[in-house]
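As C-alpha cells, here come the structures.
First subunit A sits with subunit B, and in the next complex the same chain sits with subunit C.
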Partner chain A sequence: MTFNLAILTDNWRDLLDGMVLTVLIWAGGTVMGLAIGLMVAVVQLLTNRWIAAPLNVYVAVMRGTPFLIQLFIIYYGGPFFGLDLTPMVAGVAGLALYGGAYFSEIFRAGFVSVPPGQIEAARMMGISRLAIVRHVQLPQMLVIILPALANMTVLLSKETAVLSVITVNELTSVVQSIGSTTFAFAETLLFLALVYWAFLEIVTAAARRLEKRVGRFMLRTQN
Partner chain B sequence: MFNTEIIVKSLPMLLQASVWTVVYSLTSVAIGFCIGTLMCAAGLSSSRLGRGVAAFYVSFFRGVPLLVQLLISYYCLPLIGLNVPSSVAAVGTLALCTGAYIAEILRGGFLGIPPGLIEAARMVGLSRAQILTRIEVPMAVRFTLPALVNETTMMVKASSLISVVGVLELTRLAQNIATSTFQPLEIYLAAGAIYFVINAVISSAGTLVEGRFKAETAR
Partner chain C sequence: MAEEKTPNSRPIIDVRGVWKRFGSAEVLKGIDLQIKKSEVTCIIGPSGSGKSTLLRCIAFLEEYSEGEIYIEGELLGFSLENGGRRRVSDAEVDRVRRNVGFVFQQFNLWPHMSALENVAMPLKLSRGMPREEAARRARAMLEKVGLGHRTQAYPSQLSGGQQQRVGIARALAMEPHIMLFDEPTSALDPELVGEVLQVMRDLASEGMTMAVVTHEMGFAAQVADTVMFIDHGIIAASGSPNEVFRENQNSRLRQFLQNYFERNVFWQGSEGAAAP
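Let's turn to the complex of A and B:
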C-alpha cells in the first residue's frame, strides 16, 4: 500500500470548497434547528395539548427514524408535494428538522428547570406569558441547558457527512469522488476522518470554555 | 396519487429486510458492549497506557462521523489485505462506534459504584476479572440502563448508513424498491414506519426491564 499525499495537495481547491460547504451546512442546519426547537418548545409550553399533540408526534417521529430515511423522504418524496428541492436545500432542511426535534426536547427540559415560584410571581405582577418566557425563563435556562445544546450541535456536525448520500457536494462527497477517480481511498478517507476529528475536538473545546465562562457568571450572580 | 397498494405489496419484503436491520444493530450493540466495557475499565484503571488507549479510542470513534468510519472500513480494509465480507466489516465498524459511546455511558455507572464494595470483593479474594463481570458490570448496567437503551435505538437508526457500503438491510432494500417502482415517498415512509416501530419496541422493553430492576432494588 502506497501513501501518496500529493493527491491531497493536487486537489486542495476541491477539498477546501467541500470543507467550507460542510461548515456552512452545519451552521445553517444548527441555527435553523435551534429556531425550530425553540418554537416547538415554546408552543408546547404555552398552548393546550390539542396544539401540542402534533408537535409531540413530530418530535417522536424525527427521533425514532433514521436521518438518512428522513433525507430520502424530503429529497425523493418532495416532488410528490410539489417540492422540487435541490440536494443542498433538502439536506439543510433535513438537518434543521432533525436537529429541531432534539433541540426542542432540550429546551423543554430547560423550561421545567426554572422554579415555578418565579413564574407565578411574574404572573402576579401582570407580566405576559411570552414576556415571562423571554425575560425570566430563557436567560436562566440557557445557562443550564448549554452543555446539552453544545453536545447536540456537535452531533449535528457529524450528520452533515450523511448529506453526501443525496449528492450534496460537501467534503465527504468531494473526498469520495476524488477517491473513485484516483483510487487513492486510503489517503483521502483518512484525511476526511482527520478533518472531522480535528473540527469536532475544536468545537468541543470551545463549548467547554463557553460553559466555564457562563459557569463563572452563574457563581457571581449567586453571591 | 398516494399509492397504498405499493406499500402493501412491498411490505413483506421490507419486513424481511428489517430482520437484518435488527440482527445487524443488535449484534453490533452486543459486541460494542464488550468493547465498551473493556475500554471503560481501561480508562478508569491505574495504567497510563490503558487510559491513553481508551481516551484515544473514545475520542476517535466519537469524533469521526459513522459514515466516514464505514467508508474507511469498506475501502481501506482490502488495501491492507483484509478481504472480509462487507456485512462483517460494517457490523464491526458499527460495534467499534457504539463501543465508544457505551464506554462513556458505563463510565458514569462505574463511578457510581461505592468503592467499599470493590474493596470488600477484593478482600474476599475475587480476581480483577471476576470483580468486573460479577459486580461492576451488573451494577453499572443497572445505573445506566436508560442511556444504554437509548444508545441501542440510536444504533438501529445508525444501521441505515450501512446501506451506503452495499449491505442489504431495510434502507438498502427500500432504495432498491423505490428506484424500480418510482414510488419513493410511499416506500421510504413505510421504511421509516418500520424503524419507528422497532425503536418503540426496544424503548418499551427497556422501560419494562427498568421497572423490574427498580422493584428488585426496592425489595
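Let's turn to the complex of A and C:
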C-alpha cells in the first residue's frame, strides 16, 4: 500500500462539505459560547450570590463532565424535556454551552485583573456598573485574556469532531468514512491533522493582530 | 461663586455618630463632624488610625456600620424606615453623592485612555454630555491644572504629579460641591509634591469645599480652616491649625507631631529647622 493523495482529490467534494460544516459549527459555537461566557461572567460579577449560584453550578457541570456525554444528553435526552433538536442545532448549542462555561471563567479572571481603585474612581463619577464593565474593564482585560480566549477557541475546533457521534457530517466523520471504505487512513488522517493545524495557525495569527490593536495603550508604556 | 441664600446654611457634609467595623475590628468609633461650604478640613493622624476609612465612608466607597452621613441634607446610602435602615440602590447612592469628588492616593486613572479621555468619558457616560462639549470641558479642566499641553498623553507617559493633576481635573469636571482628597501626594516623588499642592491651594482660594487626608503639615497649617487629628478611630483633637498644632495638649497629638518633626528635621542647628 502506497501513500496515495488521489484519495483526497477523488473525494474533494465530501471533504469540502465536511470542512465547511466544521467551520460553521465551530464559528457558531465559538461566537455563541463567547456571548454566553461574557453574560455569565457579567451576571456573576454584578449580582448577588443567589443569582450567581445556579450559574456556578452550570459552569462546574460543563467543566466537570465530558463534552461527549453533554452532547448525548442534549440530543438524545432533549426529547424527554420537549426539546427535539436537529443534530446540527443540538451540536452547535452543545458546543456553545460547553465553551461558554470555559469562556466565562476566562472573563471572570479578566474582570478581577483590573485594579479595584479604577472601578471605585468610575463609581465616584456616577458611571453605572455595566458601563464600567464596557468602558473600563473590558478594554483593559482583553489584552490580558486574548491568549486564553484564542486557546479555548482552538480547543473548541477540535471538539467539533465529537459531533460525529450525533450523526453530524462534519470533517472528522467524513474522513472516517472515507478511511473505512478505502483503507487510506494515513492520507485521510494526515489531511485531517493539517486542517486542524491550519485552524490553530489562523486563530493564533488573528489573536496576535487583535492583541496589538487592543493593547496599543500598553505599548506606549515602554517609552 | 457666591450663591448663598441663607447665611449659616446647612453643612455640606454632616457626619453623625459614625462607626465602621471590619468584622470584629472597630476602625471608626463614633465620628461626628461637619464641613461647611468653602471650608478646608485637613485630617491628620497616625497610620491605621482610620483616616482613609472615614473619607471612604463619606464617599460611600465603604458602607458605614452605624450612624448617619448627610450630604447637603440628604442621608447617604441608606433609607431610614421604622427604626432600621435599608441600603438604597446604586443609582440612589449616585444621586446623593453626585456633588462629591474624590481624589485617590494612587490616582486610579484609566490607563487605556488619554488624559483628555479620562476627563471626558465620565461627562459623556454619566452626564450624557455630547462628545464635543465633553472634550471642550475636559480640555478646559486640564488647562486649569496646568496640563493643557498633555491632553493626548496616556497616564503611563505622565509623571506622578501630572497623573494626580489629571485625577483632580477628572473630579473637577463633574462640578462637585466638595472634593475629598485621600493622601493625594503620598505616592509622589518629593519634588513632584509641590505642583499638586499648588493646584489644591488654588482650588481652596477659589472657595472649593475640601476635606484632605494628608501628611503635609505645612499645607494643613497654611490652607486648612479646621484640622482634625484622628487616633484609633476617634477625633482626638479638632480646631484651627493654630489650636491643633500649637495649643492642644492631647498627648497622642503631641507625640504624633513630635514624630513628624523629628522625621522631617534636616539640619541639626540651634533652631532645629523642619521641612515646611
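To be clear about the criterion, the second predicted complex is superposed on the first by the 208 of 223 C-alpha atoms of A that agree within 3 Å, B and C clash if a C-alpha of one lies under 4 Å from a C-alpha of the other, contacts with A are read in each partner's own complex, and residues count from 1 in each chain.
Everything that follows uses one rule, which is that a residue touches a chain if its C-beta (ideal position, glycine included) is under 8 Å from a C-beta of that chain, and two chains touch if they have at least 3 such contacts.
The shown structure was predicted, so the numbers you read here are calculated from the model rather than taken from an experiment.
Of the two partner chains, subunit B is the only one that A:64 touches; subunit C does not reach it. In the superposition on chain A, A:73 makes contact with subunit B only, while subunit C stays out of contact range.
In the superposition on chain A, A:172 contacts subunit B only, with no contact to subunit C.
Using the contact criterion defined above for the overlaid structures, shared-chain residue A:121 touches subunit C, although it does not reach subunit B.
Within the superposed three-chain arrangement, the count of touched residues of subunit A is higher for B, of the candidates subunit B and subunit C. In the superposed model, A:201 makes contact with subunit B only, not with subunit C.
Contacts of A:190 after superposition: subunit B is touched, whereas subunit C is not reached. By the touch criterion defined above, A:139 reaches subunit C but does not reach subunit B. Interface of subunit A with subunit C (complex): residues 115, 117-118, 120-129, 131, 135-136, 139-140, 217-218, 220-221, 223. Within the complex formed with subunit A, the residues of subunit C that make contact are 59, 61, 90-91, 94, 97-98, 100-102, 104, 106, 108-113, 121-122, 125-127, 154, 156-157, 167, 170-171, 174.
By the touch rule above, subunit A contacts subunit B in their complex via residues 1, 60-61, 64-70, 72-73, 76-77, 80, 158-162, 164-165, 172, 176, 179, 185-186, 189-190, 192-193, 196-197, 200-201. Listing the residues of subunit B that touch subunit A in their complex gives 2, 59-60, 62-69, 71-72, 75-76, 79-80, 153, 156-161, 163-164, 171, 174-175, 178, 184-185, 188-189, 191-192, 195-196, 199-200.
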